[in-house]
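Pasting a structure below so you can have a look.
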Amino acid sequence: MTTPQPSPDSVQLTADGQLRHFLTLDGLSRELLTDILDTADSFIEVGERAIKKVPLLRGRTVVNLFFESSTRTRSTFELAAKRLSADVLNLDISTSATSKGESLSDTLLNLEAMASDMFVVRHAQSGAPHFIAASVTPGVAIINAGDGRHAHPTQAMLDMLTIRQHKGRFEGLKVAIVGDILHSRVARSQICALNTLGVEEVRVIAPGTLLPSDAEHLGCTVEYDMEKGMRDLDVVIMLRLQKERMQGALLPSEQEFYRLYGLDRSKLALAKPDCIVMHPGPINRGVEIESAVADGPRSVILNQVTNGIAVRMAVMSMAMGGQVTERVSRLGEGQP
Amino acid sequence: MTTPQPSPDSVQLTADGQLRHFLTLDGLSRELLTDILDTADSFIEVGERAIKKVPLLRGRTVVNLFFESSTRTRSTFELAAKRLSADVLNLDISTSATSKGESLSDTLLNLEAMASDMFVVRHAQSGAPHFIAASVTPGVAIINAGDGRHAHPTQAMLDMLTIRQHKGRFEGLKVAIVGDILHSRVARSQICALNTLGVEEVRVIAPGTLLPSDAEHLGCTVEYDMEKGMRDLDVVIMLRLQKERMQGALLPSEQEFYRLYGLDRSKLALAKPDCIVMHPGPINRGVEIESAVADGPRSVILNQVTNGIAVRMAVMSMAMGGQVTERVSRLGEGQP
Amino acid sequence: MTTPQPSPDSVQLTADGQLRHFLTLDGLSRELLTDILDTADSFIEVGERAIKKVPLLRGRTVVNLFFESSTRTRSTFELAAKRLSADVLNLDISTSATSKGESLSDTLLNLEAMASDMFVVRHAQSGAPHFIAASVTPGVAIINAGDGRHAHPTQAMLDMLTIRQHKGRFEGLKVAIVGDILHSRVARSQICALNTLGVEEVRVIAPGTLLPSDAEHLGCTVEYDMEKGMRDLDVVIMLRLQKERMQGALLPSEQEFYRLYGLDRSKLALAKPDCIVMHPGPINRGVEIESAVADGPRSVILNQVTNGIAVRMAVMSMAMGGQVTERVSRLGEGQP
């Protein structure tokens, strides 16, 4: 008999269903996702003010723990934390204490002992943020900023916010995700969020070599031919081609990929006339997407970036709130 | 027929003549330069307080975008921004997103979409900050922190502030700039500022190999012999010898350069008795300047550093004010 | 006849005995050390608040000057400064201005001219912080964050705070320091602090090859056999094995060291039943200490980390206060 692993949602939620970590979208309810989107909406307005600050995390310490370097993602979390008035410590762990032979757990326990309130974790290994939240420092709010191929839940939620802003709803939408599904942590999170929020159809469009073997079970339809796949779309989400992960000759060439799966004006013309175009960035122009489309009237790529700050502010403030609730309830039970 | 390029001053000024970017001193009026110096003067006092902060940029996001590394210059802008109460994001762009194949424009548009208010830009290529302000992110205040050989306008303005502090005026002054004029972005900005502010004479002193071919047209007199050039000076500004740019054997040796163009006590004795000595730093002692002079009673080198913070606070707060004016006026015209 | 060097305590204290730098524990009185511990105690409570900030250094500029990289130590000082509401500038000096040929003094004088209030200095060379405080920038509060083999006084003081928290007193305690005494800057500071605070016995336990030649004169008893050395101990402080400094074959092997001087449960059983276990971190599990001991009920290793922030807040705020006193008194005497 094996001990059952705690399910992710039991780790990331308090007893009364509030967020206390943000690890994955798996198992989160439509109500909670909608709550995140509503909270993010309220922060959009903060970004438009002259004084772009709210005091929700004032005096709190947020540590950006990037075991895998990503200036772009780290910057968005750093700005989100600062606009919540937190103190921010950036640690590039690949070059610090762990190189002195200290274990990951010891590094984290040390940071917790410095009275850190939140770790934003980016890690090349799937499940690392979940492991930290479940087994190392459950009293520190853990925010997953991307783990291996597993999840990138804040990216998926900013995409959902962008869709809701432009379409006003999820019901009845047909949404396609195009490109390197196999290596994409964001695709997995997007498929989960879109299904939870109740779109009509999630479609993945990719060559067979860039699809996971279990694609059919992910809750989406699969289309190998992009021209067929574009039909009736309300939203098309292009993925970044992870060039660094493509050295195993999964594709003949970038040119060939662009011809078959790159989003140009002619392919976009096959979708609905008001189909919006999304991309998580950074864009490889002429590889996944034509410049005229990336910069065109249907592109909402820069809106996604703006929404990224708001969504990160939302999950950070909600998880901090959940941690406080949890501590209060433990105190009520006489636990430390 | 070619489209006329917008002149720098039309890019960096609002319709009513306020600063909204700070790219170059070319085309700025004596009134505006004086306004910058007066504003900087008021910030000098802030640096002397126990609480060295004013709330002028509170809640604003300032991004230090250094495409060319310079810890010293970056630190002064970082401190200036923090003393204006801004949130600061430091990005060393050479090691970040652009290395993933993203274009410069895309990086900047992304940062703008994160609701950045100001970019402090250092770039090895002349004109990069101007290009960004004119064509990429005009709604973000761009501050030039040094571009190629073109300009380093905050350095020139801190020099002007230092001269005014010690001489009380510009009229009637004879000012020399000594050394590697050819490779110096700061010399070009200094000559422009000194002429605009109305000194009697700007003199450059250098060997022919370290002078630009158009030296005579820069608005200065040229002197190859330093001993002659020191006569009647009120101010002598030594330039740093850019050793890394000198590999083409433009000079026989550092020793030879020091003998001919290094500022020692005997050469300084040829200037007016109250001539002040300036240097942008970092100093190469015994190459451009004798230690006894750098540390002597006529040196105002450390005053320049102190003034650097005040001048940067001044242009940052003025450009932010100009951006706000511009936005308000666009709103009044019903533009986005 | 030679000029007498100022003693460290005359450098780091004001005329009326207040701290104005924090360089070493040598020469500091029991009253002053107790004052630091009492102040730190008051900051422990700050770390437990939701809003972990006090305004003591608000508007002050603290520069972390690390000539020797240490992410862990730098992070604790950065957090301490931010919780005191200071503005913090992190400079990794090994990679910055000094590489352009600028002298250490010029770098420091420049930073002082930027209106810096405090330098936190880590340097591989013994005496560097003292030299800076005595001869370069006496008007900037210098905090020693570790210099060569000489001292690491904030680490020693956090250890004292941890002992006082758990034992309630220093009188009558027997405290051992175990391991690489020879290469440890922290051991030297600990021995000094323990003696000043009046413990009954300071014992060092190490092989002869890891003891300084003057061990007998350091104010401690020496024991080569750990099993004997553990007897009657109230506190055992393990040192980190500096692997990088051990290449001269001072020890047969890590395994051999662990067998003889590693703290495992059986050796710990020889001490008093309530003996606490300390370690400055990062821990080499299985080299200096058994995991079961490091994570066991007598370990106070993570308390040390928490106390480290409080102690750093204490010495930073006290030194800042001493600098202000000094300036006021100089003004009273009509000095600049």
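Order of writing sets the labels: A, B and C. Residues in every chain begin at 1.
Note that in this section contacts are C-beta pairs under 8 Å (C-beta built on N, C-alpha and C of every residue); 3 or more make two chains touch, one makes a residue touch a chain.
Source: prediction; values computed, not measured.
Chain B is reached from chain A by a rotation of 120°, derived from superposing Cα atoms (nearest 5).
Although chain B and chain C share one sequence, what matters here is the overlap of their interface residues, and that overlap falls short of half of the numbers used.
For the pair chain B and chain C, the distance between C-alpha centroids works out to 41 Å. Of all residues in chain B, none touches 2 or more other chains. Residue ranges of chain B in contact with chain A, taken from their complex: 58-61, 87, 89, 91, 95-97, 100-103, 106-107, 109-115, 324. Listed in rising order, the residues of chain C touching chain A in the complex are 47-53, 71-72, 75-76, 78-79, 82-83, 243, 281-285, 302-303, 305-306, 308-309.
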